[in-house]
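Each chain gets a letter, A, B, C and D, in the order it is written, and its residues are counted from 1.
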Amino acid sequence: MSAEDWLKNSIMAKRALAKGATGTTHGLTIEQQGGFHYVYGPYAKPTLSIDPGGVVVVETEDAFGGVITSESDSPTAKLNFPYLNPQCGPIAVKGAKKGDCLAVYIRDVETRGAQPAGTTCIIPEFGGLVGTAATAMLNPPLPERVKKLHVDRNGVRWNDKITLPYEPFIGTIGVSPEIEAISSLQPDYHGGNMDLPDVAPGAIIYFPVHTEGGLLYVGDCHATQGDGELSGVAMEQRATVTLQIDLIKNWSFAWPRLETRDFIMTIGSARPLEDAARIAYRELVRWMAADYGFDEIDAYMLLSQAGRMRLGNMVDPKYTMGASILKNYLKA
Amino acid sequence: MSAEDWLKNSIMAKRALAKGATGTTHGLTIEQQGGFHYVYGPYAKPTLSIDPGGVVVVETEDAFGGVITSESDSPTAKLNFPYLNPQCGPIAVKGAKKGDCLAVYIRDVETRGAQPAGTTCIIPEFGGLVGTAATAMLNPPLPERVKKLHVDRNGVRWNDKITLPYEPFIGTIGVSPEIEAISSLQPDYHGGNMDLPDVAPGAIIYFPVHTEGGLLYVGDCHATQGDGELSGVAMEQRATVTLQIDLIKNWSFAWPRLETRDFIMTIGSARPLEDAARIAYRELVRWMAADYGFDEIDAYMLLSQAGRMRLGNMVDPKYTMGASILKNYLKA
Amino acid sequence: MSAEDWLKNSIMAKRALAKGATGTTHGLTIEQQGGFHYVYGPYAKPTLSIDPGGVVVVETEDAFGGVITSESDSPTAKLNFPYLNPQCGPIAVKGAKKGDCLAVYIRDVETRGAQPAGTTCIIPEFGGLVGTAATAMLNPPLPERVKKLHVDRNGVRWNDKITLPYEPFIGTIGVSPEIEAISSLQPDYHGGNMDLPDVAPGAIIYFPVHTEGGLLYVGDCHATQGDGELSGVAMEQRATVTLQIDLIKNWSFAWPRLETRDFIMTIGSARPLEDAARIAYRELVRWMAADYGFDEIDAYMLLSQAGRMRLGNMVDPKYTMGASILKNYLKA
Amino acid sequence: MSAEDWLKNSIMAKRALAKGATGTTHGLTIEQQGGFHYVYGPYAKPTLSIDPGGVVVVETEDAFGGVITSESDSPTAKLNFPYLNPQCGPIAVKGAKKGDCLAVYIRDVETRGAQPAGTTCIIPEFGGLVGTAATAMLNPPLPERVKKLHVDRNGVRWNDKITLPYEPFIGTIGVSPEIEAISSLQPDYHGGNMDLPDVAPGAIIYFPVHTEGGLLYVGDCHATQGDGELSGVAMEQRATVTLQIDLIKNWSFAWPRLETRDFIMTIGSARPLEDAARIAYRELVRWMAADYGFDEIDAYMLLSQAGRMRLGNMVDPKYTMGASILKNYLKA
């Protein structure tokens, strides 16, 4: 089965209005976007309104808004909180209403812009192994440090000896809450800054719709990232993101879901980290019960033997984990 | 020293534009308010714009929007998430800009409306000793239960044998974030649903201003509450709240602060609970260092001997704690 | 009612074998103790075996084993992990068996030894606002610092301007687990290093018995301490502790309980801090149901209005909180 | 490179006394073991004392002590806390002293005993999606349920449609603390009940030695397990475990480490879960700095791009995570 073949049997193909078929392609360049957004909310006008099945080719800015241009830059001096992690969109999907679900098939994430195209850095009081605004400490911070690296489809050149594979994904993507406007630095039930490497080309991510049109935002692509995004910063890059966006009517659930050829995944974001894991696994139990015929307790017992858990981030305002099970095991 | 005398030496009196003097009194009735707000954000128009020192007498709705009218009501059936915890305001303070601080002296919180004026209840999947949306469990929920109780200045009649003292406070109060619109169910750096019993008549609470006018919201008064608001619900009541609102220019800090005759307090909201405690205590260390001449390490060591910690809530989207030290000990 | 009068109506007086009456007084001096213990477990021989009602006057060493003798000492150089927090005992109570309960009335905690009798300090990688062995960080540690202070019944002389009240209590006390030997640095279901200021003269603390004789250990007295023991170190002192130890047959529960004239308290120790709070409050709900006639849900709802929570420590291997309710409200 | 070839270049081969060569083989049958142990501590006599390089073939009991023999058994009725998770050993390694390290190469874990050889179940108040003794709730517990399944090298027959692969590992293994006796239900710095699927045939696990002889305990084998051991119970089995045990002099570190052909891993156990992750990642940073020439900040930044995190358990008294990096990237 090719990477594409499974799509014909995906949930998107089976349940969405366009049946997974590709509609009109739309561009959303930096120029077309105009200003970026720094919250996920219903208070912004759509930059684009598309039919179910439409493809959108979005140019995204990096998480720093592109201001870290040299290894001698000071992140503290350059970054202007809360105007971080600029987001494109929102993209409205015609006919989407509260109680529906957006299906977003990620076709591609391509590095954009001049080399060195990848940036990572140490930002004081931010990261997984330092005191932060929330895990407040009196210790002195780590010194700032910036790395600018060559990134392309052949890999991320960490240094002369190490090239990491190019394993791109979308760090921040989601839909608008009903009434909240949530910082683009935060992941939550609406998606947002999940920093979960499974949100990658080849996957379909499903978001429950909370407001008219769904209002999809996207930004913050990574060329690669370790589990947890330990220092708080991945291999940040500007990117060209190709999304195919479909609409499933009357499919509602609490947290984002994801499908690949091999597995289904539920995504939870919370603190402490065990609560992110609990959310993800409970959603998976509920999904297995609702759509695959499992008794809840049997699903729970099976996941105890065969569930898989991916750590997305352990650095953002909420931590993110993705719980998954192979499709092979979805036989109650 | 009378309850009022200390005010003359309060931070508000010393640093605010109106020097703690009482300005014009404004009413903000339910009718004047019109629709309520369910987020703290900059996207709503002020219902009132006042000069520093102005007094506002606000009629607040209870956290349920008044829909639980009988002990036989089902909270699940009556409550319409996310339209919970209705807030009055926002009140703009003329001249308030980012980098300034609102000083809000709480003059009174009086029970409002017909008896039984107090309501508490069990809401499934909400509370400190049950599985919730965040601490996701598979256990069956507790049964719903509603109590409607007589509440007045003489106390809360729990049953024939127990009358709890009337110790009212404001459960939810705060200012607008700069760009976020945060659910009125959530406490955070802007204040909001802190459910901290120290936010009571006789205290001054200080909020850093994030947006033009400050935009103060208020609601959700409690006739009494235990530490932690264990079941998720206090003795909820409609109230008439009297606030005196002053403006301190160029006083900026990260989290709400509070002052009474006897102590100063810093308020942190986070999960897990130790992070709320860390935020609160670090803010107190910083305040002692910035304004009272302490070396940070000395402040830290002194708080280890003399700091006090109040548990506000352990049930909301973030948990709240207040760290305090007696003014008597503010001698570096 | 004098401080002593309530004892006649205490649970100890009503249910214990000696009915709260004072039996033989035993001394347990440093010399009699011989070597100290650094674990709470069943593998040590009792230093003393007493009848229910017996009084023991124990000389305790400070938490450092007395090795920090000057403000120029380096805690890192002087302290020899895991030989910290030396404990006296164990004291066996004749007839105590698994399923019973030791009632320990704390009669007095008196400062012992030459002045300056109080010690506090900064220990690198230990404390509530720094990275630690468990909340592992890469930040540089804080510098070491030692304070040696004059302590007596009149107070703790913090500096020329501040004298803190002498509010002594026992930082570490508890019984042996059945098969575990738990570090004296750790609090848990057996008691241990709870660092909870309510474990003070005038209170009775109740421990479930896990092993023959109960095996009570005690040490680590504090002249005063703030909520949370923020820096990880209280006002540590050598002390003479007077305990009256009684035995309640067939009273078994999961976590330590405490009684004063005015309230009953349950004590939980866990991480994260909300789990300590949950343990404490659930134990209190269960106690109210078992012994005071409450329906569990009613107890839960009442604690939401009238429960009180004390933060003991937020620095030890497990954090400790004490949940309490006034005896006045124990009327179902 | 065959599975075995990498061993010649393993840390064990390079640094251990027997250079990874196989010494005398010892049996440790259930009969030879006699009584089991339920704590990891220095208070038990070794059942076996071996030279570095010795191989031990251990028969282990399942985590229930073999008492759950039928799907109609009640775990609550059969299990006798704290006498759970029986451990074999301790095995002393001649010459091992505090400051050294045991290298334990796991050669095989083979299912033992009559079919159905695998057991899993629901135990009330235990598991990742239910209230527990630590995350104390008032919700009613889940009903008990037992599954007894056929397990052999061909797989775990979950039901007629699903056979899970046989991916066995050791749930509980470790060394004695210096003075503590830690429940065999708990993982910690000494190893113990980590329930981490990487502790599997083909891996070498390294334990810092805390006491004379090291005192290795082992038990609790699983035929397979999902990330997190969600219900609290894996596919529990009796097993025959083949271990090759070597000794590295003067290699000391804080938490267990693991090596496979492809990666090195550090293992942390703590609550909340982020603290387990922090411990694991900090240990990995330190290992990369100490033995592979990395600057600590560079290691931290590289792990942010290339670190991998495995969730072991989210159900035991401490949660366990393993942080790893590919050997290919260990080039500073």
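Please note the rule applied: a residue touches a chain if its C-beta (ideal position, glycine included) is under 8 Å from a C-beta of that chain, and two chains touch if they have at least 3 such contacts.
Everything numeric here is computed off the predicted structure, so don't read it as measured data.
Common neighbours of subunit C and subunit D, listed by label, are A, B. Between subunit A and subunit D, the centres computed from C-alpha atoms are 34 Å apart. Per-chain CA centroids place subunit B at a distance of 48 Å from subunit D. The multi-chain contact residues of subunit B, meaning those touching 2 or more other chains, are 129, 135-138, 142, 271-272, 278, 281-282, 285, 297, 300. Taken pairwise by the contact criterion, the protein chains are fully connected, each one touching every other. For subunit A in complex with subunit D, the touching residues are 120, 122, 127-129, 142-143, 145, 147, 156, 158-159, 161-162, 164, 224-235, 271-274, 277-278, 281-282, 285, 297, 300-309, 311, 314, 319, 328-329, 331.
On the side of subunit A, the complex with subunit C involves touching residues 129-131, 135-142, 272. Within the complex formed with subunit A, the residues of subunit B that make contact are 38-39, 41, 43, 82, 133-138, 178-183, 254, 268, 270-272, 275, 278-279, 281-283, 285, 296-297, 300.
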